[in-house]
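Should a chain be cited, it is by its letter among A, B, C and D, assigned in written order, with residues numbered from 1 in that chain.
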Amino acid sequence: MTEARTETTPQDWWRTSIIEMQPGMIRYRGYPIEDLIGRVGFVDMIYLMTRGELPSRPAARLLEAALVSAVDHGPQAPSIAVARMAITCGIGINNAMASAINTLGDVHGGAGEQCVELYQAISGRLAESERGAEAIKQAAADEIDALKAKGIRHVPGFGHRFHPLDPRAPRLLELVDDCARAGAVGGLFAAIARAVEDVLAERRGGRRVPMNIDGATAVIFAELGFPPPLCRGLFVLSRSVGVLAHAWEESQSDYRNKGPIPRQTIWTYDGPAARPVPEPDGSPE
Amino acid sequence: MTEARTETTPQDWWRTSIIEMQPGMIRYRGYPIEDLIGRVGFVDMIYLMTRGELPSRPAARLLEAALVSAVDHGPQAPSIAVARMAITCGIGINNAMASAINTLGDVHGGAGEQCVELYQAISGRLAESERGAEAIKQAAADEIDALKAKGIRHVPGFGHRFHPLDPRAPRLLELVDDCARAGAVGGLFAAIARAVEDVLAERRGGRRVPMNIDGATAVIFAELGFPPPLCRGLFVLSRSVGVLAHAWEESQSDYRNKGPIPRQTIWTYDGPAARPVPEPDGSPE
Amino acid sequence: MTEARTETTPQDWWRTSIIEMQPGMIRYRGYPIEDLIGRVGFVDMIYLMTRGELPSRPAARLLEAALVSAVDHGPQAPSIAVARMAITCGIGINNAMASAINTLGDVHGGAGEQCVELYQAISGRLAESERGAEAIKQAAADEIDALKAKGIRHVPGFGHRFHPLDPRAPRLLELVDDCARAGAVGGLFAAIARAVEDVLAERRGGRRVPMNIDGATAVIFAELGFPPPLCRGLFVLSRSVGVLAHAWEESQSDYRNKGPIPRQTIWTYDGPAARPVPEPDGSPE
Amino acid sequence: MTEARTETTPQDWWRTSIIEMQPGMIRYRGYPIEDLIGRVGFVDMIYLMTRGELPSRPAARLLEAALVSAVDHGPQAPSIAVARMAITCGIGINNAMASAINTLGDVHGGAGEQCVELYQAISGRLAESERGAEAIKQAAADEIDALKAKGIRHVPGFGHRFHPLDPRAPRLLELVDDCARAGAVGGLFAAIARAVEDVLAERRGGRRVPMNIDGATAVIFAELGFPPPLCRGLFVLSRSVGVLAHAWEESQSDYRNKGPIPRQTIWTYDGPAARPVPEPDGSPE
């Protein structure tokens, strides 16, 4: 065994800077819980727990808008459908929520995270001194080229398979603009996101590929300085609300073991036709 | 096949009253999403999605306090430990959150739900006309007797294995009292909870078994009219914040496949001593 | 803090009689792993790990048949549908499997477990000396009455919403009968299961409610002495095979975020019609 | 909405070649279930369901050995610890298994899959005509160089943080060699795996980095032609057995909400010292 037997204790193994506890005492990031309750909002707590400090009020407002915007996208979304099916199977509501949240992977829940990475990559191409519209657009174009060179066809955060114009995106951007005008956030990432939209439109001969919910919440997350993987976590917190609502609604129905389609609808089978099992000492040997 | 082949369509199979959607249009409970964003808070959305209507401001404040209070109870809580271990195993942050939330079952996440049921059962014993302190205390005593008769030793929501006095409970009750004085909630469930505390103390010769976080949040949930199973869902939403924060913190460490105790600490084995595998045609037949 | 601070060490906290390990050494239930590999089958290992000893060969054969029989019930089963949807969301195949397995709750995965409990309860009504056909039938009738008195309408393990006759059940019973004739199992639980079928038919005026897969595998599990909750675990092991096969097949498709119904099929909405969000200082206060 | 409204029906949406079902009829890959039960083994079914055909007997034996070898690695493994903690939280045994299986990600469950990819990449460097020892070793060296160039420090399937020599690996390789000598498998991947071991030893000045369980099962999976992502699925099937055994054992204990370390062991906190919550209109704005 090559591993050095260092004197790690179980206490150190579970080291954290988030919560301190003694009998009768709970502190989050140094703040006694009884002083937080009734004084700070739930969104403030989300920020405090994940970032280490309480947010400014404008920051909390922006984060709140992002969290409000993504709670649900209907039973066609796998996360919602899974929640509804799972709750009819005789498991707890937390288990149904877990099965659903578990589906929020790179494809279903990762676009916001990937889009923050994109915005940060574009931002990283800009010198501090060059943040004019032209420089931003050039950086966006370069980064989109870089994505394509890596074989990524679809720019995360832009375009939508269902909504020609995602009604959530312009409203979220409007709130970011308000904050930027008030000096509460820098506004660079809003400019970057719009530059991406422009570049995409130019490359499609003027046909716009508008920002979607992920592109817009990514602007907020990036303006607030969230690291990309945390952004997926924020989306999970938001979508969990819809997951809970749908699981609850379905639990009020009479369905048991609810499948994806009505029971009288049989799926299509396209495998081998009926055949006998080979003799054990015959061909399958 | 005895089942009648009714004409259920896939559309009806996925019927919901939560969300309406068309290309370019998203409405929750009738409200256009773009009108909700920036206008209502995240806690309002939680209420709207699960209850069907927006909450009054005092109701939202109380719900917010309950959600703030339960976000985290440290790495000794299985939910938090699981989140931290899971994230070191090479899965997405949503997957780590799912594994953790999945543990919030009857024992780890169900006390609030069970306590709301207890309060409602006590309330159900009261006639509309008899809601004085004595009647409430009698109903509480009767219900506790009924629990015992069913073999339930531990009254959910009271006492704590770690905190002699749970610092979250008095603060939450204080907020409920404020709301009750302002007429925003009835206050009956706060009275019921305190009556339970009194009855338990009397039965233990004066030694108090104080209300814990679950007993206190259950007062809020019951005052706001949440059905019990939804209360576990609310706890999941709250605890998800701590789960995310800890998963994120742990992901910043260098651990891979983090187990529960340091690697040099071997567990205790108390099974059979070393033995040979029996011959296949010998004893195990 | 009332808890006695006993000297539990982390080693003792993780005490087990299943596995012993030292650097370079792994033993399951006392058997060195290198002596098990190639000598015992996978089904033997399932038995050894859960029961503590290797099975006899007939026991392994019966367990094997039960495990073979329940691997899949098509995409109409929530477990299978969830696996297929989840894998299109950009998560690992283990995550898709977990979301699916998580749905195998009391309703979807619990009938076998509940049926073993039923058989054991009927067996518990029999004196050692009275195990003739009439005594068994009487005990079955009494237990079915007891179920009804508890409000349980549906006898677990009998009848099927889809199959008029479940093709798996008679074949499994045939294997149990073979083993019973050879003296390898007692055969009592096969007799009990058939008595349940007879009682149910008599109560429905001769219309049979035939044993289903859960009723038949429960005979095997009961004959082999598995405790009921382990039986759900065995079903999970079996169904995991179908879950994996379907997740894998779906992963070869081009779908991303596959929902339950084709994209052009919108669900039915039956909630409130479109309405404006109330003013923040207006009615929702 | 740019998507063409093709006439996909719900039936086609759930197309599969794995299972065909009608009332009273179940066929897997064309074989009637009642003909499979009692005729083929559980491992045969795993192969049939995932590959489409029944395996030869030697193939089934090798797969069986791989499945036997990975069932458990003790409570220090996150998967096992999570199963044990989760079952004490008041959830079903399937839920505890799901939480555990969910942790078998790229780091905890992915090494076998990654190692199959490695072996296939080495194989892909070989011309059909050049499969001598020297050519294989050169291809292995080239591929290891390629891994390093991509920044992958650790070669998957080789070396172990706990076992100086993994007792499972040589036994598994012995079985592969037996099969290769009998002509039942090609043996190329066994040769490749040994070449990787040799190259690694040479690069470490003779110090061997022996094949571990993942490296050895990957040989079997590669010899049998399993695509890499399926290999993680096979590991999940195997480890699920240990997960079930440990969940069951723990469920027989008295623990409730079992955390990672004994209750009297408090974790280390290294965050901010106690501090007051700022005034709402003060600094946090």
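To be clear about the criterion, a contact is a pair of C-beta atoms (placed from the backbone, for glycine too) under 8 Å apart; a residue touches a chain by one contact, two chains touch by 3 or more.
Just so it is clear, the structure is predicted and the values come from calculations on it, not from any experiment.
Overlaying the C-alpha trace of subunit A on that of subunit B calls for a turn of 180°, given as a multiple of 5. Averaged C-alpha coordinates give centres for subunit C and subunit D that are 23 Å from one another. One finds 27 Å separating the Cα centroids of subunit B and subunit C.
With touch defined as above, residues shared between interfaces to two or more other chains in subunit A number as follows: 1, 3, 10, 12-14, 16-19, 21, 23, 32, 36, 40, 74-76, 81, 91-92, 94-95, 98-99, 102-106, 109-110, 161-164, 260-261, 263, 265-267.
Chain-to-chain contact here is organised exhaustively, every possible pair of chains being in touch. Residue ranges of subunit C in contact with subunit D, taken from their complex: 3, 5-6, 8-10, 12-14, 16-19, 21, 23-26, 28, 32-34, 36-38, 40-43, 45-46, 49-50, 61, 64-65, 67-69, 71-76, 81, 84, 92-95, 97-99, 101-106, 109-110, 162-168, 170-172, 174-175, 229-230, 232-234, 236-238, 240-242, 244-249, 251, 261-265. The touching residues of subunit D, when paired with subunit A in their complex, are 1-3, 10-22, 27, 29-32, 35-36, 39-40, 44, 52-57, 91-92, 94-95, 98-99, 102, 161-164, 260-261, 265-278, 280, 284-285. By the touch criterion given at the top, residues 1, 10, 23, 74-79, 81-82, 85-86, 88-91, 95, 98-100, 102-110, 161-162, 256-261, 263, 266-267 of subunit D touch subunit B in their complex.
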